[in-house]
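Got some structures for you, see below.
In the two assemblies presented below, chain A is common to both, partnered first by chain B and then by chain C.
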Partner chain A sequence: MASITDAALAGEVEADFSAVDKARVVEALSRLLPAGALMFETEDLRPYECDGLSAYRQLPMVVALPTTEEQVVGILKLCHEMGVPVVARGAGTGLSGGALPHQFGVLLSMARFNRILSVDVPARVAHVQPGVRNLAISEAVAHHGLYYAPDPSSQIACTIGGNVAENSGGVHCLKYGLTVHNVLRVRGVTIEGDIVEFGSLAPDVPGYDLLAAMIGSEGMLAVATEVAVKLTPKPQLAQCVLAAFDDVVRAGDAVAAIIAAGIIPAGLEMMDQPATAAVEEFVHAGYPLDAKAILLCESDGTPEEVAEEIERMRAVLEQGGATEIRVSRDEAERLRFWAGRKAAFPAAGRISPDYYCMDGTIPRKRVGEMLSAIQEMEKKYGLRCINVFHAGDGNLHPLILFDANQPGELERAEAFGADILELSVALGGTVTGEHGVGVEKINQMCSQFTKPEIATFFRVKAAFDPAGLLNPGKAIPTLNRCAEYGRLRVSGGQLPHPELPRF
Partner chain B sequence: MASITDAALAGEVEADFSAVDKARVVEALSRLLPAGALMFETEDLRPYECDGLSAYRQLPMVVALPTTEEQVVGILKLCHEMGVPVVARGAGTGLSGGALPHQFGVLLSMARFNRILSVDVPARVAHVQPGVRNLAISEAVAHHGLYYAPDPSSQIACTIGGNVAENSGGVHCLKYGLTVHNVLRVRGVTIEGDIVEFGSLAPDVPGYDLLAAMIGSEGMLAVATEVAVKLTPKPQLAQCVLAAFDDVVRAGDAVAAIIAAGIIPAGLEMMDQPATAAVEEFVHAGYPLDAKAILLCESDGTPEEVAEEIERMRAVLEQGGATEIRVSRDEAERLRFWAGRKAAFPAAGRISPDYYCMDGTIPRKRVGEMLSAIQEMEKKYGLRCINVFHAGDGNLHPLILFDANQPGELERAEAFGADILELSVALGGTVTGEHGVGVEKINQMCSQFTKPEIATFFRVKAAFDPAGLLNPGKAIPTLNRCAEYGRLRVSGGQLPHPELPRF
Partner chain C sequence: MNDVIEQWQEKVRSAAAEGMSLRPRGGGTKDFFGRRADGEVLDTRALSGIVSYEPTELVVTVRAGTPLAELESMLAERGQRLPFEPPHFGDGATVGGCVASGLSGPSRLAVGALRDFVLGVKIIDGQGDLLAFGGQVMKNVAGYDVSRLFAGSLGTLGLLCEISLKVLPRPAVERTLCLGMGPADAVEHLNQWGGQPLPISASSWHEGELRLRLSGAEAAVAAAVARIGGEEVDAVDAQAWWRALREQRLAFFAEGDLPLWRLAVPSTTAPMTGDWFIEWGGGQRWLRSDASAEEIRRIASGVGGHATLFRGGDRDGEVFQPLAAPLMMIQRRLKQAFDPAGVFSPGRLYNGF
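Here is the complex of A and B:
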């Protein structure tokens, strides 16, 4: 049985699980699970070696595919007794390596938890298992005029359990919120096999409200087995404004001006010229290629609300110096406007062998500054970067283009990405937007938090997982790692004052 | 120096602080605080002996009135070193005894933290100290067309720090949310004197998102020193529908029907006949006294939105069997409709020497059932009860009328209240709505949570407050208390299925 030192539990150093005995674990798990629900041969493990952040790869020791909550309880209790790490996995579409397997651990695939348990139409709540795909919820309730609002670009494939783990967003989260704003309750199992519930269908939650802590915790507190999600009425109409700018800073300022005018668009996206060029030759969205930046600004609601809001948007955009404004005339044109934005990632893949998508968040007012800095970084690292932003949220998705087959390019891309994240923090922002921290941004977490804050995170984890077995080494850096990385925020940040950046 | 046993830290038994040495604590604190910021004579302590739940009274050992965050850090570090409990207090308007002093503890009044630090109009955020009054925020930003949405009935007096501690609500929280939905970031100090920040101005929060855990934690995790609140644009227009029903169950069903129709009223309140009778003779709101129940259903927004929503409300209410429907014709009439509802508590005080306000939450569909059960309880306990509900939220405020000077009446009122809370849980609801747990509902928390859940709460507390000194004995019951109370939920509740109650 592996044991974890106090220093590891306190978050000082990484835990060492090398003493885990694979044969004993396989033997014990095989008594809990039916045939076909346990895999431990290398060729069977291969499909699980990475998630959507394929730069990081690691074969798990074994893969378990439970079907029932009782099996999850059994697996977790067993791993707790034997001191075995457990990494839960949804569809494996995550972009920060949150589901990267542990060499000495169980990869717990929740893929078979794929049932929608019930839909309460009057209360607009669906109770689903965590392996249900994000889009499957919307499809199942479409005939009631409802949908599940968060729409990560992987929504065809990604699961609601994975969305809970990473607090996923999407292009509509400015108006409709991230996962944390659209999940009411999560039922989960702790590593000790206890069933705990987070959140409530009631407005207030008695006791400590730990739902938000569970959401985005990357499977480090408990393994979700049921999720109650909020359903949203489908808007009667959506219309999209495409605005072109001859200057990226001006485009960034227009974003801030729209929000300052009290408008909450259903989507507010920005693409720079290299990004529009990349997508245009791919999907022919009709973007103005001479613009330094374009904004897509969507309104939804009743036809009257949309008409009124579009006019307000147009006024702010004109005032903000837009060189061209087009309003989608019908649904086909609206979808064409969005097709370009949605094709940005594949377009990057088309013009470059590899790309690295970053996910920092900055105050809206600093978008222009960040874009200038990224241009400098392109020179510094000798790599190109195309930029698409969830601009209304200040959430950046720079796509750093590189070729992993060229020696040193991956490392340069990673250093480029780290620079962007650290600049995000320095500009008053954060290292994440909607993709989680995982393994990708764990070093940059050192810039974001102070030593007491990191120590508190480890103690919160210990409150749920006293042996430190759930997804060890993810999301929260050890103090030792931060010392080696050479950065740790020194004092608690001040709440921003007027002269400081704002969102 | 007092020390706390492991059993107390694990939440098994109450901690014993009787070894705290008042003279030494006073001497040490007097070196940290200027004259006038420390009180320890009985006559000076008297104003702090209770909060708004005056049935519970306890003199603190000392009262500290810091002015700066440095003083708060100093006081907390000192109390940590000396093993002294600390109870933070805002305006003392809380209704569940969350700020009830500790006999051997420091009562930490945050009253002098009363500055609005900055207002960021374009971002619609105000940065305030915790002792700022709720209404003072709205007053300070009114000329920008903004306000702070949560409006507890004590909003003239209560502070934002107290609102954070209790996750306070108000009549508009159905549409605009509780405190947890309107606070973006809290800066606080742990008992060890570390400054920690909860939440973020960005949409996603890196690391564990502990803001929601801090809000409603009744000063048991950290002491807030700065709060960033969201500001909301004032609606152009508000109009209110008053609907009368000849049956309380029908009125309850109409509430559920409004929500099911996809309408989110700005307020949706219900009063039963005894409540309307009590307020009518007091404020002459013009309520129909022959109705068994009335609903107040408010719409706000642009004039077009309000007109359209009022018509939809009217249709649902007519369909639901309303015997009379009145729509406020002007602002004076709208305020008159609300005057009755807002006078419910003082009206109860007018017709009875004492009243006890309960605060459970139940699924909307069960309102009729709860009212019938309360009628039975009135007979059982020989006490009258008038009922006002935040019906849209399912949040009940039964006002149990009693006379504390009559032997046994207070005890009967408390038992009556406990019955209501336990029935709330049995109906699929919770023991709190917007007043917190404090000392008032601590026994009923045993009915709400399982043993592993309560143990987890204590471990989360220990993550912030390893010595168990912040507001000990509040909100989360010890396992020993639950054993004595004779109720502890046996297994994790199921997420509701269609046949079960819903919100």
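Here is the complex of A and C:
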């Protein structure tokens, strides 16, 4: 049996799991799971070696594909007894490496938990298994005039379990909230094999809000087996305004002006000129190509409400110096406006062999500053960056374009990204708005949090997972790592030891 | 203000070293809530004032001892508000006490709970360390969501110093309707309406009278008023009435001396016999009763809800519904994680922490 040192549990150093005995784990798991639910040959493990962040790859020791909660309990109890790490995985669409397998661990795929268990229409609640796709929920309840509000770009593929792990957002969260605002209850299993229910179908559970802790915890506190989501009545009508600006800062100011006018748009997105050009070539949304930035501003509600709000939006945007304003005339045009924004990632993939998506959030008023800084960084790193973001909530998705086959470009892209994230923190924001920390942003966590704060995160984890076996090494950096990273970090443009030659 | 924080850090460290306990307290307006707690009172009103407020960011950062009324009137000047309508329960309620009690007002079911609007906190933990979690932005998944753990923690996890809250514009129009119907009809209608895109922002039912508040754009509210029917309540009276409900000044709450129970239940739960006051689209139901805690909790858990002994009764027993054993264990360990020496308000939430 592998055991974890106190220093590892306290978050000082990484835990060492190299003593885990694969043969014994496989043998024990095969007694719990039927044939076909357990994989341990290299060729079977290959499809699981990465998630949506494919720059990081690691084969798991074994893959388990349970179909029942009882099996999940069995697997977790066994891993707890044997000291084996467990990494839970949904559809593997995550962008921060949160589902990157552990070399000495069990990759717990929840893909077979793919049933919508029941829909309570009068109560507006759907009970689903964690492997159900986000969009499948809305599709299943559409005929009742209901939908599940959070809509991450990957919603055709990503699962609700993964959304819970990352607290996923989408383009409508300014008005409708994130996963944490739309999930009522998560049933799950702890590493000790206890079945727990966080949250409730009744409002405001007593005690500390464990549901909030569980949501966005990147699979490090418990494994979800059932999720109760809130369903929202579908608005009767949605209409979208497309506004063009000849200056990105002016576009940013217009975003603030809309909020200042007391309007909370259903969606408020911004794209810069290079992003507009990239998507236009791909989806032909009809975007104005001469604009330095475009805003997409959506209103939804009753027809009367939408008409009133669109007029107010138009007035604010005109006053804010928009060079062109178009209002969608029908549903087809509205969807065309959005098609470009939703195609930003694949469009980046078309104009560049690789791209690296960042996810910082900053106060809205700092958007202009951030965009100018990114332009400087493009020169510094010799790489292009196209910018799309959820302007309404200050969540940026700069897409850094690079070619991994060119020596040094991946490293430059990563350094570029790290610069953006650290600037996000410096501007009063955060390193991740909705994609999670995973393995990707773990170093930047050291610039956002102090040593005692990081130590507190490890204690919070230990309250749920005292053995430190759920997704170890993700999301929260060890103090040792921060110490090393702190030594290496370039601060204020000054490299440590500037006298040394660098390549 | 840094010197106040430093004094508090020192106070916490020495309390931890000497095995003493502290009870953070603002205006004392919610002293009645939770279990009876021990500890020397630490008056949080010494740390007061707005740290930053920018209406276009929809975020306000406030020191914990700031009077809630002061914050609300500042927001109102800029046409904004705390969307969850927190109850004050008296003059002098502070923002820290509001967050620590975790209580939301009439708009809870329409806009979300207090915890949904907490974006970040600065706290002093049980070892005297000043820690910051979350931040001033609406989307933030860096680290576990510690800020929301403090919402409703009743001062047992740490000492709140600063809180960042999401705020929203005040609705352009509010109108209130009154309809006569029995409790079963009321619960059924509320859930039906809840499934439609109607701007219902609050509801209450008591003694055959259902009141609905509609908030939003003028056109949307007018359309809903026409569709729902019933009698419209005068705007000034309506505003006073919703405020009285929020502050528990209506006769149902203010008169009589039987313990006041709050049952949170799934909104579609069929009404039970007795004199109930129903809010939140059917999700929050009040009862005055001297029945045993066991009996009331059995009723609540029988329908998938939970019961809180809100006012009166035995404040030395459990006032919140006991949790399943594995959850209780996680709660205890969380308390340990933040406050290993048990400095903060021991016993206020559950016996033992």
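Quick note on the criterion: the second predicted complex is superposed on the first by the 486 of 503 C-alpha atoms of A that agree within 3 Å, B and C clash if a C-alpha of one lies under 4 Å from a C-alpha of the other, contacts with A are read in each partner's own complex, and residues count from 1 in each chain.
The rule we apply is simple: contacts are C-beta pairs under 8 Å (C-beta built on N, C-alpha and C of every residue); 3 or more make two chains touch, one makes a residue touch a chain.
In this text, all values refer to a predicted model and were calculated from it rather than measured experimentally.
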Which of chain B and chain C A:Gln236 touches, first, second, both or neither: second
Contacts of A:Gly105 with chain B and chain C, given as first, second, both or neither: neither
Touching partner for A:Arg187 - first (chain B), second (chain C), both, neither: first
Contacts of A:Ser118 with chain B and chain C, given as first, second, both or neither: first
Partner chain in contact with A:Gly417 - chain B first, chain C second, else both or neither: neither
First, second, both or neither for A:Gly162, with chain B first and chain C second: neither
Partner chain in contact with A:His127 - chain B first, chain C second, else both or neither: first
First, second, both or neither for A:Ala307, with chain B first and chain C second: second
Partner chain(s) touched by A:Ala228 [first = chain B, second = chain C, both, neither]: first
Common interface positions of chain A, toward chain B and toward chain C: 120-125, 167, 169, 173-174, 177-178, 180, 190, 192, 194-197, 200-210, 212-213, 215-217, 221, 233, 256, 259-260, 262, 302, 304-305, 308, 361, 363, 393-395, 428-434, 437, 441, 445, 448-450, 452-453, 456-457, 459-464, 466, 475-476
Parts of chain C lying in touch with chain A, wherever the complex brings them together: 54-59, 79, 102, 104, 108-109, 112-113, 115-116, 125, 127, 129, 131-133, 135-146, 148-149, 151-153, 157, 168-170, 172, 188, 191-192, 194-198, 216-220, 222-223, 264-268, 280, 283-284, 300, 304-306, 308, 320-321, 323-324, 326-327, 330-331, 333-338, 349-350
Parts of chain A lying in touch with chain C, wherever the complex brings them together: 120-125, 144-146, 166-167, 169, 173-174, 177-178, 180-181, 190, 192, 194-198, 200-210, 212-213, 215-217, 221, 233-236, 256-257, 259-260, 262-264, 301-302, 304-305, 307-309, 361-365, 390, 393-395, 428-437, 441, 445, 448-450, 452-453, 456-457, 459-464, 466, 475-476
For the chain B and chain A complex, residues of the former touching the latter: 117-118, 120-125, 127, 167, 169, 173-174, 177-178, 180, 185, 187, 190, 192, 194-197, 200-213, 215-217, 221, 226, 228, 233, 256, 259-260, 262, 302, 304-305, 308, 361, 363, 393-395, 429-434, 437, 441, 445, 448-450, 452-453, 456-457, 459-464, 466, 475-476, 491-493, 495-498, 502-503
